[in-house]
Each structure stands twice: as structure tokens, then as C-alpha cells.
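What follows is chain A paired twice: with chain B in the first complex and chain C in the second.
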Partner chain A sequence: MPQLTETFDRPEQATAAARSRGRAKGSRTEFWMLLPSIVVLAIISIFPFLFLIYASFMDYSLSIDAPSFTGLDNWRRVFESDTFWQSWGRTAIFGVAGLALELLLGVAVALLLYHAPKGRNLIMTLWMLPLFVAPVVSGLLWKYLLDPTYGLYNWFLERIGIHTQILGDISTAMPAVILMDVWEWTPLITIIVLAGLQSVSQEPLEAAEVDGASGFQKIRFILLPMVRRMIVVALLIRSMDILRYVDTITIATEGGPADSTKTIGYYLMQVAFRFQDMGTAAALGLTMLFVTMVMGNIFVKMMKKGEG
Partner chain B sequence: MNRTTSAVPIVSVAMAGVLLALSACSSSSNTTNPSNSQPSASASANTSAPAGSAAAFGGMAEGPFEGWVEGLPKIEAPAGFDWKQFSGTQLNFISENTPPSSALAANIGIFEKATGIQVNIEQSNLDIVAEKVGLDFNARNANYQLIYADPYQILSKQSKNLADLNDFNNDPSLPHIPGGLEDFIESQLQADGYMGDTEHLYALPYDSPTMVLAYRKDVFDKYKDQFQQEKGYDWTPSANMTWDQYYEISSWINDKVKSGAISEVKYGSGHEAKQHDSLQADFSNVLGAYGADYFEGENLGSVGAARPGKSLLTSPEAVEAATMYKKLLDIAAPGSKTWDWTGVAEAFAAGDLAMAPIFHENNAMFEDANKSKVVGKVAWSILPKGTKRSANLFGGTGIGISKYASEKEQKAAWLFLVWATSPQAQYMILKSEEAGSTPTRHSVYNLPDVKKGMEPGTEEAKAMPNLLPMNAVLEAWKLENVYMRPKVPQWPQVDTIIYTELSKMLFDKQTPEETMKAIAKKSDDITGN
Partner chain C sequence: MALRRKSVYAVLYVVLAAAMLWALLPIVWMALSSVKTQVNMFSMPPKFIFAPTFHTYREMFSAKGNFGEFLTNSVVVSLSTTFISVVLGLMGGFALARGNFKKEKGISSWIISTRMAPIPAVILPLYLMFAKAGLIGTTTGLIFAYTTFNLPFALWMMATFFKDVPVDMEEAAMIDGCGKFEAFRRIAVPTAAPGIVATSILCLMFSWNDFAFASVFSGRGTQTVPVAASLLISQHGIQWGQAMATGTVIIAPMIVCGLAVRKYLVRGLSMGAVK
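Showing the complex of A and B:
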């Protein structure tokens, strides 16, 4: 009869084997516990991703019976389209300007709140209000406020002699849309950065105080470096979000006037749902995914650099 | 500061407040099912006996629907037909958020009471409707059994997913179209109901908004003599007015407003020239007036075609039309470039504009004192002429049935269609408090009170405000005056190209000639020419 029981020369060997068995058993338990999540992830993420790749090579319109293979036609159409490149250009302007303003304002307000002697909670609550507004409602809100017939802001501008159609002029529509995003999402940066500031140890600040550091020096050389990771996390979240910013644009400008607010997200939505050309939309979506991954990677590297 | 302008910010703040409050709510459904709503008070009860009873008439019996009036064809079914046989069936009707659908939702109780069929009416913007219908058809789900089949955004692409209504209308066991197909206005039936040929009927005409010229009668009457003295002709809008005269009149009013001589309005004219479907609609009126069109294919505006042929927009007539359109927009109210069809109507209702090409069903809003400052001051004419004719864009739609619905649901949906597009339901919609819509049926226009309602100042006109523009609209529907867009499957893409390039033209990013060339080239790419 074969020897089924393991024999060990030293007690520590027995202990290591027991640990190994424990780890294996633990791994199995972890696997079974993770399995539902993996299945859900596969259904909601991996399968659609694979389907997106498949659709990008198909002539796949909602009005045709069965998709047919078209090779690289969709990709060629995407890359040869002026609208595609122009939409990416506008998205870059929108993203860089929006993120820069949100970062500056968000960090500034977080620092103000951090140093506020009292009333921090009340101010924070008021400051956060735009975050609770759905982007579609935000679009409606701004559209009404800037409406040339009955908009409050338009009425006010006319009273002071400024006759302009903010959402109806190619030079002001994009800045207006950027400001709508800044209004809505700057509080998110504030919350994240403020959380980071509140977790900063007081000892370095007290030491700097003793050394005679000014308030600006404390912010520049102690606080900001210590919340650098939080800022990068906030930027990571917002940058991914800003790429697919379509709700407010759809309501406020519908990509106009003269395409001046047509970002890549809006263009994708137009191709997918107005033209119902899912093949081209899939190729467009994959380019967005690619850019999002590159951006995500850059921010993760920035975080790791900060850790180093 | 006058009372009206000081109210502006208050309204705006109120709207902002409401929106903020709404955003805190999680419920955003706009599905309506007013199954408990009462029949319209204005509808006279059909005193006929219930279906299948002794009220048989030539082998047919009247349907059990309230609202029939003398002079209209009756809703009838084969004797013995059980109108309640589909009781308990639930139908979903997806529609653009239009006045007739609101009126139908408010009066759906009439249908539900008579048939026991429950109808949920979901209303959204047309883009959303087209998107949801496309996804539903693609999944073969039939979540929506009843489809608001816009001829250009939906029917042209999705006709093969709609049931052939001839099958129901020719079924001897089912009720038929009251008054027959011939009671529909022929050109509207062609545009709304067919695709490619007249062999299959996919939808029945349901609404009929048409672009005509709304103008401020008070302004045109008051300054008529002064204008005539200066310019030498009667400026009252009529079938003889040209786009050149429209331009001249608009400029003249702008000048007088600037000098303070005219204070009743802020601008001579306004347009729906936002980068939106509305811009294409507004431009099409001028394009057609100069004898140009989008494609070379035949019958594109009536039954439509799968392939439209080459673009015609590089023709001299098209370039002339684009040049005129640019000229018109250069002097129009600056808000024009931000207005879609709702925006320009709201500006007109606010008293800002002396005239504007507008969908005629907005007259109900203009005559509603709660929404308008121009009550009793509005008159209508067909649109100005170009070098060839007056072209007035038709924007009507039909209702169809998803072919993926079960047989029982399709038959229940047919009963709804028979009722909703019947002369009596169209009459009910016309009279509804929700401002309704103008009928698609000849028989309704032949009713004495409807004829009276087309004359300004009558009690009937007050009760049915959408009738006031009807003299102009009936003129606009004549074959020589109506403009029907091309009904082709590629229209959503072509439409987007048209209004995007036009928007660039309006902001001087390209000339009218370059614009027409760009649209022609891109359209030909899309249509494979």
C-alpha cells in the first residue's frame, strides 16, 4: 500500500507544508468567493469589449438583418474622417482647459476650506451642490440660463450692453461648455484633495512653523507634495470622465454651432445612435478606449513616481 | 424696464430652481398612462349601441368609442366583433413629444374603456425615439408595439420592421380604416405611409405640422402705409411675397426698431437655424423655392426610394438658394442660430419677432395667454416665393405597428391605430385642451365648425386655435406649394451633413458655394454615388 501520509525530517518542514496546504485551501476559497465577481465582470465588461472588437470589423447597422464582415472598412472610414480628427482636437482643448481650471479651482478651494476657522461643513455642502445635479439637468439648467429669449444671464448681459449669443457663437460656445463642466466637477477635486489635506500629519507643519516658514511655503513645500497622490487620483478620475462628456453638450449645444462643441464623445454618440452605424461606432469607441488607457497609464506612472 | 422684461429673470430663476429640485429626484420616467383620465368634455358621446349589437349597418356595427359627431365617418367593425377580445393586453406607444401625442395621452381613457386594452404612451425627443425604435427592432423585442414612424428618421430606414397594415385593413374579421384610405390627404398618406412603393402600407397619417409664415398682424397693419410710401408696395405677407421682399421687409423693420420708430417687436425676422434638424427644415423652404432639390431620384418626397441618386446641390439654383438663405440669416434675430423649432416659436410668442417661418401647430401656444404675449395678433401666410415657387416643408408623421409584436398584440395595436387616426379621434385631438394638432383627414375639414374655426375672430377659432393658420396651410399642402424632403434610408446621415455644413456657412467658415459642394460630396459618399 503506498505511503499516503507525508513524513518530515524536521518539525519546520511540517510547519511549512501545513502553511502551504493552508494557502492552497485559502486560494481555493478566494477563487470561489471571487468567481461571482469574475462572472459579472465578464458579462458586463469582457464580453462587450470582445463584441466591440468584432463589431468594428462588421457592417453592423441597426436597420440591417445580419452584420457582414467588412474588414478594415470601418477603421479606414474613421481615420479618413475629418470630423474624427477635428473632434479629437476639440476634445483635447476641452480636456486640457477643463482639467486645468478644475485642478486650480478645486485645489484652491480645498486649501481655503482646510484653513477655514469655522463653517467648513456648511461651505462644503454648498460647494458640493452641483455634484448632485445630473449632467443632463446641468445642460438644461445652463441652456435655460443662457437662452436668448428668456435666459437670466442673457438678460443680464443685455442690460449691461453686451449683446451676445453665448451658446450660439462659435467663439463662446466651447468656453461656455468648458465652464459648465468646471462648475459641475470642480467640487469633486475639492473633496478628494481636502480629504488628503485632512490626513496630513501636523508634525511637519509644526516643525515648519518653528523654522519660520511662511503660509505659502508650508503649502508649496509640505501640503501640496503630501497630497500629490490624491491630486493625481482626482485627475485620473476626471480625465477619464471628461473624454466621454456628452450629456451636457447634447442638451446645451448638440455639438454646434458649426461643430464648435462636437467632441469625440458626442461624435461617437451621433454615429452610434443617430446614424445607427454600430460598426463605425465600435471602431470609434475603441480609439477612445485606447486613449483612455494611455492617459490612465500616464497618471498611474505619475503616482508611482510620487511613491518613489 | 417694462413689466414683461422684468419677468424674464424671475421665470429663469424659477426654471433653474425647478431643475435643481428635479435633479434630486431619482424618478425620470416620462411614460404616461393616464388610464383614469376622463373623456374630453368637448367630445359628444356616441349614442350608438355597443359593438356587435343590433346597431349593425350593412354588416358592420359601430365601435363603442365616445366622440363621434355628425358628418364624420364612423369607426365600424364586422357585426358581432368583440371590441373587448384583447382586453388586458398592454401596448407601448413610443412617440415624439408632440401636442397630438399629449392630447392622445390625455384622452386615452376613451380607447381603454372601449377595448380594455391598456396603452402606455412614452414621449421623447425624435432622436431618442429613433434610437429606441432602432434598438428595439434590432433586438426583435417589440417592447414598443406602436411606433411613431417619422417618415425620414424611422420609416425610411426601418420599413421592413413594420407590419403591413394592408393585412389588417383587408382582414374581413377586423375593423377597417374609417372613411377609407381616401379620407387621408393623399400627399400625406404617400409620405407618411409608404416606403419605396405603394404595395405595402406601413403607417397611417397621424399629425401634419407644416412650415408656413407667422407674422404680427398688428405690426404689419400699423406700419403698412409707411412702408408702402417708402418702398412702393403692400408688404402684407401673401402668396405673392418673395424671399427678396421678405429680406427687404425684415431689414426695414430692424432699422425702424434701431431708430426707435417700431417698439412692438425687437427684430424683423427669426429662424430655426441651430445646428439641428430644424436648420435643414428651414433651409429646405428656400431651396425648394428656387427650384432646387437634394437628389436627382424621382418620387423621393412621396413614396421615397432606397437609392436617391446623385446630389443636385451643386446646381446654380441650389447655390442661389444657399446664398439667399445666408443673406436672410445675416439680418435675422441673432438668437436664430441657437433656436430649433421650439426656440423660434418661443421667441415669436415672447413678442420678439415680426415674422418667422414656423410650424403652424405652434399657433395654439401663440393664442394661449399663459404662454404668449401675442394673443390675437398673429396671422399666417404661405412662405415667400423664390424664383420658381413657394415651398412649404411638410413635417407630418404616421403611426405603425412593430412586426415583432405577437399576433394578439398586433391586432390590439390595429384597433388603437383605427381609433387614433380616425376622423373622430383627429377631431378630438384638434379640440383638446392640450392644444392638439391639425387633422390628417378630409372629412374633419369639411365639418361646419372646423370651417368656421379657420376664420379669425370666431368662437370656433378660439376653441380650436390651431385652425387659424389652416387657410395658409391648406394652400401650402397643394402639390405646387408643398415641399417634401427626400425619404431615403440614408437621410439621418445626409440630414446631419446638411445642417452641419449650413451651420458652418452661417458662421462664415465657408461660402454658400463651398457649402453646397461639401454637402453634395459628403452626401454622395454616404449614398454610394
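Showing the complex of A and C:
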């Protein structure tokens, strides 16, 4: 009985006690709840990762089943090859140009929608549709639009006096695949930035209005600084995604013409599955994974900062 | 002032309309082309108004074209990986949200790096492992491959959804004698139900849309719809009519799914960083 009285007398303390009891007991439950995921995740991520490291020291060219140890040969071949550096270079161009355009266009549309008095929801819904298009379909569709004989966009270009095979010309193929990426993924930047804009509090904006700030000043000095974190998050995700996908390029250009759209991911697929040189491909893969891991760490740090 | 404001809005909507045209014309053109006759499809100047025909679709779904088989494979593989990932992610995500794990930051970085790992760098070791295990060309292998990105995604998303569920109710239940797992099952899961639906649909979408894994791991009889689309490209040219119809069939259900979870889209696509 005394215990019960105590519970009623000091409910807070009782809750706290129950809470800590729950924690102590719960930690074990939580461990067992997490365990299956961790085990499966280990099998599907750590094991392949270790295997990738192992493969990067092996020679698979004679047999996939019984590779032979070659030490640092694959790594030396990778770092000494021009194609490796050129592919990373093209990936960087693809990434920088693509992200710059996506950022510019994505933020612009987000700002316009933020200021639009009517129809924001409907326009946003239409604007985000390319996000749902499978990258392989995007590649196929753009190949059709740019087809030199039957393409709709090719026909438009011919009307304004541009007669070239967009995807068949080394000077236009890369800009074209960059535009495919921009078409598909700009809405991602818009939805993230718009969500940020909509959570900006009205007070500083009203204060600025009273002080006679112009619309552009409000955007430049209040809205944009407040969504800076969202923009960084969007850019981090997009840059990891650019390394992630090879579908569109595989379908639209196959890395050509004359390697002009051969990014590091496509190069890896070629080395592995066309040249059957798994060891070298493994070394390539590790260079890609390294970049993703660095960006993933920055992302986690940003998440923690956002929570705190 | 009013006039100025009006003209500013006019400019705003004109620019937005141009942006919409850029975003939508390719999709509309694909859908239109999929219901054209060969003649209409290749006529120049391009035709926007014509009598639609569904013969490409009819051909695709007829006994001769084996599109149904591709479609079944896609559905089976996507649903399986989604189920596995969401069930595991549900429990694991709850544990991550509620537990005090010492290595939480390390686990977070690991999960994110696994989710975002470049697909070619994942395909390669899996290929070598699958070759040894005889999993190449099998549905099991492909389900396994998709789980490499769906499980970390589900874990991560469920953790962010459970962090939003107030702990108080679970604690009240535990004071009433409920076990932790019971509290999870009876209180946390129903409260986080919209999050579970959103996570499942996004998992479904990621696997449905994949081409790279499917092109390497699936074989005759286990190929998915995106592979079917790529098979229309051959040395003799591309079957554009079928390609556009296949593309339409691939994206239509995803547009429906994506819009159904619109509210959670930002969260899912920003890995929970933006709510």
C-alpha cells in the first residue's frame, strides 16, 4: 500500500521511475529488434564491400571462378590510365554543370511558387511528374525526342536552323545528357527548397517590409539564407545520385560518341561487363564509393545539426 | 501599385507556364506517341491531333508479345523486396529511434552510405558473389539486390517517422504493464501508419524503376519491365512505338503512387532531412 500512495503522491517521480525501468528493460528489446536488420544489412553491404576490396587485388581476366592474386596491379592500372581520370573529369563536369542548372532552375521555380497567389499545389503536382519517370524511360524518351529523323525536339531545332545529330556529336552529346538529368531531377530541388520556404516564419519578412525592403532584398537577405541548409541537403543528395545512376546514359548514348559521355559509373560497367576485367572495375568502384562515403558523412552531420 | 503587382504576377505565371511546358511536354509526347499509328508517328511535321489507336498496347499484351511476363516479374520482385525491407525496417527503425545506441552516428553513416552507394560499385561485388552462389538470372538474386538499397532506406525513414511519434503514450502503456515490443506493436506502429505506407510506396518505386541491377542480374524469364524497354533498342534500330508504350506503362503506376504519397515525398526524397 505505501508504494501505491507514493505513486499517487508523486506521479512525476513514478513516471520517471517507470521511464528508466522501461529504458533499462527496453534497451535489450531494442537491441533484439535492431539485430535482424543489422545482420541482413551486414550481409548485403559489409560483405560485398569487403569483397570489393578483395577483388581489387585479384586478377579475374582468366577466370571469374578462380582469380589470381595480383597485388597492386589493378590499382596501378587504374591510376595510370588516362581513361580513369577523363571519366572522373567528365563526371565532375556532368555533376557541376547539372547541379548548377538544377539549383538555379529549382530554386527559381520554388521562389516563384512561393510567391504565386493561386494554383501553387496544382503547378507543383505537374512540375514534379518527371521525378517519377524511371531513368531508363527518361533515356529512351529523350533519345526519341532528339532523334535526327523523327524527333520532336530535333524538328524544333531544325526550325531554328540547328541541323545536327544532338546525341551523335561529341560537342552536343554531353550537354544533352546533362539536360536530361536537369529535366528529371530539378523538381527534387524545388520540392525540398519550397518545403524550406514554407517553414520560414513571417515575422522577419514583415519587419523587413516595414523597413521598406524590396522584394528582391527580402529574397536575398531573408529567404535564401534561411533555406541554406535545405539547399545543401538537396545538393548532397543530388551529387550522390549522380554517381549512383548510369541508366540514362546507358540507354541514350552508351557513353559515346567517342567516349564523350563516358562517366565513371558507365566506365566501370564497361570494364566489368564488356571487358570482363572485374579486378580493375573493383578498384574503380572503390574510388566511387569513397566519394559517396565522404558525402554521406557530411549529410549525417547536417542532419544532426538540424535536429539540435 | 495594383497595376504593378498585377503585371509582376503576369510575368510570374508566364515563367511558370514555360517551366511546366519544359517538364511536361516530353511525358505528354510519349503518351501521345504510344497511341499513334506508325504513319502518324513518323510524319513530319509532328502531329499533335490524330485519331488514337491502341494497337501497340494490344500487341504488347497479346499472347505473341510476352509483356505480361515482364510485368509479372516486375511486380513480384518489387513487392517482395518492399515487404522484406519494410518489415525489417519497421522494427529496426523503431529501435534506432527509441534506443540509446552508443554507435548511433556510426550506424547512421553506414546506413546512408549503403543507401546512396553508387549502383555500379554495388553491382560488381554482388555479381561475383551471385556467380558463386548461382543466383544470376534468378528472381531471388534480384530481390536480394534491391534490398541493398531498400532496407537502409526503410530503416532510415522509419527511424525518422518513429522519432515523430511521442514517447509518452508508449510509456503510459508500459506503466500499465505492456512490454516494450507490445507498446511498439499496439501504439507506435498504428501511429506511424502513414509513414509506413509512404515508405513502402517509395521502396516499391525505387525497385520498379531500376534498370541497372535488372540488366545484369535478370535472365530469360526473370527480366523486368525496364529491361523490356531496353530490349527494344537493337542494331537494326529502335521500335519507337513499342518503346513509348512500354515507357507509358512503366511510369503511369509510379505517377499514381508518387502522387498518393505526395505529402511525404519531400521527406522520402531528402532522406528525412526535410519534413
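The definition used in the following text is that the second predicted complex is superposed on the first by the 259 of 308 C-alpha atoms of A that agree within 3 Å, B and C clash if a C-alpha of one lies under 4 Å from a C-alpha of the other, contacts with A are read in each partner's own complex, and residues count from 1 in each chain.
Assume a residue touches a chain if its C-beta (ideal position, glycine included) is under 8 Å from a C-beta of that chain, and two chains touch if they have at least 3 such contacts.
Predicted model, so just to flag it, every value in this text is computed and none were measured.
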item	value
Which of chain B and chain C A:T292 touches, first, second, both or neither	second
Which of chain B and chain C A:I123 touches, first, second, both or neither	second
Chain B versus chain C as contact partner of A:I170, first or second or both or neither	first
Which of chain B and chain C A:L152 touches, first, second, both or neither	both
First (chain B), second (chain C), both or neither touched by A:Y245	second
Chain B versus chain C as contact partner of A:W183, first or second or both or neither	second
Per-residue touch tally on chain A - higher for chain B or for chain C	C
Overlapping contact positions on chain A, where the chain C interface meets the chain B interface	129, 132-134, 137, 140-141, 144-145, 147, 149-150, 152, 155, 273
List of chain A residues in touch with chain C within their complex	14-15, 18-19, 22-23, 25-27, 29-31, 33-34, 36-38, 40-41, 44-45, 47-49, 51-52, 55, 60, 64-65, 105, 108-109, 112-113, 115-117, 123, 125-137, 140-145, 147, 149-150, 152, 155, 183, 186-188, 191-192, 195-196, 230, 233-234, 237, 240-241, 243-247, 250-251, 265-266, 268-269, 272-273, 278, 281-282, 284-286, 288-289, 292-293, 295-297, 299-300, 302-304, 306
In the complex with chain A, residue positions of chain C that touch it	9, 12-13, 15-16, 19-20, 22-27, 29-30, 33, 41-42, 44-46, 88-89, 91-92, 94-96, 98-101, 105, 108-114, 116-129, 131-132, 144, 147-148, 151-152, 155, 171, 174-175, 179-181, 184, 205, 208-212, 215-216, 226, 229-230, 232-233, 238, 240, 243-244, 246-247, 250-251, 254-255, 257-259, 262, 265-266, 269-275
Residues of chain B that touch chain A when the two form their complex	5, 8-9, 11-13, 15-16, 19-20, 22-24, 127, 130-131, 134-135, 137-138, 157-158, 161, 274-276, 333-335, 337-339, 343, 346-347, 350, 352, 489, 492-493, 496, 500, 503-504, 506-507, 509
Contact set on chain A toward chain B in their complex	62-63, 129, 132-134, 137-138, 140-141, 144-145, 147-152, 155-156, 163, 165, 167-170, 253-259, 270, 273-277
